[in-house]
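Presented sequentially are two complexes of chain A, the first with chain B as partner and the second with chain C.
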Partner chain A sequence: MHRKITVKALTLVFFLFSIASFAIDKSEEEKAHLTEKTKEQREKEVEEYIPHHLLDSHDFSLFSYTSDDGEHVYFGFPLPVILWDNGLNVFMSSKFHHGETIAKSGENYYKLDHGKIYKTDAAGTITYDADHHATNSKPLDFSITKNVFTVMMVGLLMFFMFSRMAKAYKNNESMPKGMGRLLEPLVIYIRDDIARPNIGEKHYKRYMSYLLTVFFFIWIINLLGLTPLGINVTNNIAITFCLAIITYIITTATAKKDYWKHIFWMPGVPTPMKFILMPIELLGTFIKPFSLMIRLYANITAGHIVLMSILGMIFIAQNWLGGSLSFLLAMVLGILELLVAALQAYIFTMLSALYFGSAVEEHDHH
Partner chain B sequence: MTGLNFIGAGLVVIGAGIGIGQIGGKAMEAIARQPEATGKIQTAMLIAAALIEGIGFAALFAV
Partner chain C sequence: MDKLIGDFSVGLFFWQLVLFVGLVLLLKKFAWKPILDSVNEREDGIKNALASAEDAKKEMQNLNASNEQLLKDARAERDALMKDAREIKDKMISDAKEEAKEVTSKLIENAQASIEQEKQAALAELKKQVAELSIGIAETVIKKELTSKEDQLKLVEGILKEVTLK
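Now for the complex of A and B:
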């Protein structure tokens, strides 16, 4: 048994190094092309690419490269741009050519600058202030961006997956089939280990639909963020803000008398203390969803930045040692990120259930 | 003074690390003592760790 594992580990290491050496052969072939850039330039490129990756974008590009004649080649597809600028303007983002050209729609000219759309004149001039922020006016942007597109796709995927599962359960009550076999334990886990103990036997059923939706949504989207598709939805603070706001609204809307009593007139403490506790408790209700928002956003952002930085080392070092080291490190971190993806979905669901539980809790003291 | 924010961020990370380490260590002790309560201990551990982590992310805003 022990020996088998050792052999397997050795095979894996050998396999990894053979990949690394293969990569070296290839890079040596291209070295003439690559050595044109100095190390500082490469560092700068990596430094610029990481925040770019973290931003939302108006097109879905999988990868891009600069061809030998200095032209930028992109692989991906454009997404619709919907602007409100004293009237509706709808066009495809391919008109921007990734920010290289000016898009004309109706009477207006628009240009992309660092992922944001600005209104310009026909020549496409963008003025900057001292901090290098564009000062041009911005139209209201309702575009289907990469994040919106991904959220829609995940929504559709979840809808079809779970409605098919539900249908299968209606017809056949014995064994789950297909996806059900994979997801049933998770659904049962959320019901029995998250909802029941935290919300209570009496009320947990009302919250199950939201808890399941939010768990699978965050989990699937986090997992998609680890694929080479370059999606990262949950490191957009607007998305996590919306999720947290939904939790806040459900908590507030379904709260029972006891919940408000414990906020505004805490029972069992002296009267002067009640006045001190009131603002603190009230603030607490806002801090709870705020921490939900920050936690998910910051965890995923931090994971992506660290992973990208380590991968960037390959391009900065450009030798066999740096390449194989950062490859191994990135692989280990990737496995850790798989855990974080599930853990963050779990924590969000768990804490949501905890807040719902406090909202419907009935105290039987005095 | 420049660069002090990085020292601050480092301190935050050290603090959060100590905190989460304490929670993890104590949870392991508790599980070793009462293996039948593993599920409950793990849940409580994760919640506490998540709360500390939230503070740890203050480091992101300092940098």
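Now for the complex of A and C:
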């Protein structure tokens, strides 16, 4: 029974990969067939594609290609757009036609420009300033974007995975079963090697839920970013900011007297030093979660940019040597990125635990 | 930095916050708590089982040790009993021997005494008989002397003959 499921899952993965590769083949073929682009043009195309790929989008498209008649064909599905613009505007992102048309909702017109929704008029005029930034007003965008959708899916996946695991324990006399056998060592690792040593035996239990959730969430979502589905969540500053701020809030909310004392009135140093240390320590509490945010964001973004640049070189070089070398390099980097995906999840969890530990630490009075 | 702030999406932040906090709470209730409880329970169970196994082992050792002690005691007691018995036996034998010796020596003494007595008695009897015999002889001799002189001479002659012969 289990084998069957595994085979099915593998088939699905293989199928997805083959779609993606098929898509690349086709688009390249079509491109070559349509217009013989110069090397410079291809370079420019790749250069533009990479940041575009890293952005969030309002529809869930796995890949796109240009059809014979020069039209962009997207493979995917639209997602709901939710805007707050003196009232709630909800419509499907298919109205935008991937930024090619203006969406009308109620009395208002909206247009997509570089992944962002701007308020516009019926003609869809967008004005730009000197730095090529759109100056149109932006409605508050609470759309279920590709990233939000992915977060929901990952949340559902995690919920089913771990609630099933919990149920298996109940039905199986506290012994792990199936998926639990794989996940249990990780859960125990986080408890015994991250939470316990950093937070301490006395307090670690309160933080376990957050640490476990954040570890598996970042790990799974990082891994999803490496699939050819084209999902990138953790390279969004909003996502890492959110995670970091939760760590900050938990640290601050659960901090004991000693923590505040060490910030505002450092014991064991001369009084003038206490005044100097106060702002430094206070700043430190903000820098800690800030570093969490930037670390995760930068690592994943850099990984994606490098990996895609190397993949892009295949299209730029368009010869067997450059192609195969890029492929080899991309493969090695892909393996490295797999490691980074887990490593970043580990580091985030580890440092969060460390900060929680400092918040509840009880110092001996000097 | 400008780009970072420009890329920041309030909507994404909002959804991530809501979804993630929801996920933490849901997982806490339906997954982490039961999982960690089960794991703890199992670990405690293993720990207890190990501890009780260790206890049982120790108890076994104690039992073995006490068994050994008992055996040793029993052996010592047996040895002591054997020794006592041997001593008693030896004593009894030696006592018996002593007694027997005493009894025999007494018997011998008695026997010697009675032999002596008998001997004395026999000697006395003999003396008496010899005296009687002597008296008788003397009487007869005297009687014969009274009857005939010849005979008397003969008799004396005869007696003398007998006496010298003896």
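What we mean here is this: the second predicted complex is superposed on the first by the 328 of 366 C-alpha atoms of A that agree within 3 Å, B and C clash if a C-alpha of one lies under 4 Å from a C-alpha of the other, contacts with A are read in each partner's own complex, and residues count from 1 in each chain.
Just so it is clear, a residue touches a chain if its C-beta (ideal position, glycine included) is under 8 Å from a C-beta of that chain, and two chains touch if they have at least 3 such contacts.
What you are looking at is a predicted structure, and each value in this text was computed from that prediction instead of being measured.
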### Message
I'd like to know which partner A:291 touches here: chain B for first, chain C for second, both or neither.
### Response
first
### Query
Between chain B (first) and chain C (second), which, if any, makes contact with A:64: first, second, both or neither?
neither
### Message
Tell me the contact category for A:354 with respect to chain B and chain C: first, second, both or neither.
### Response
first
### Query
For A:41, is the partner it touches chain B (first), chain C (second), both, or none of the two (neither)?
neither
### Message
Taking the superposition on A as described, I'd like to know which of chain B and chain C A:188 touches: first, second, both or neither.
### Response
second
### Message
Which chain, chain B or chain C, ends up touching more residues of chain A in the combined arrangement?
### Response
C
#### Entry: Which superposed partner A:141 touches (first chain B, second chain C, both, neither)
second
### Query
Looking at the overlay, what does A:155 touch: chain B (first), chain C (second), both, or neither?
second
### Query
Regarding the shared-chain residue A:302, is it in contact with chain B (first), chain C (second), both, or neither?
first
### Query
Of all the chain A residues, which ones make contact with chain B and with chain C?
none
### Contact set on chain B toward chain A in their complex
39, 43, 46-47, 50-51, 53-54, 57, 60
### Query
Touching chain C in the complex: which residues of chain A?
55-56, 82, 133, 140-145, 147-148, 151-152, 155, 158-159, 162-163, 165-167, 169-170, 174-175, 180, 184, 187-188, 191, 205, 208-210, 212-213, 217, 236-239, 241-243, 246
#### Entry: Residue ranges of chain C in contact with chain A within the complex
4, 6-17, 19-24, 26-28, 30-36, 38-39, 41-42, 45
### Task
Could you pull out which chain A residues touch chain B in their complex?
193, 197, 291, 294-295, 298-299, 301-302, 343, 346-347, 350-351, 354
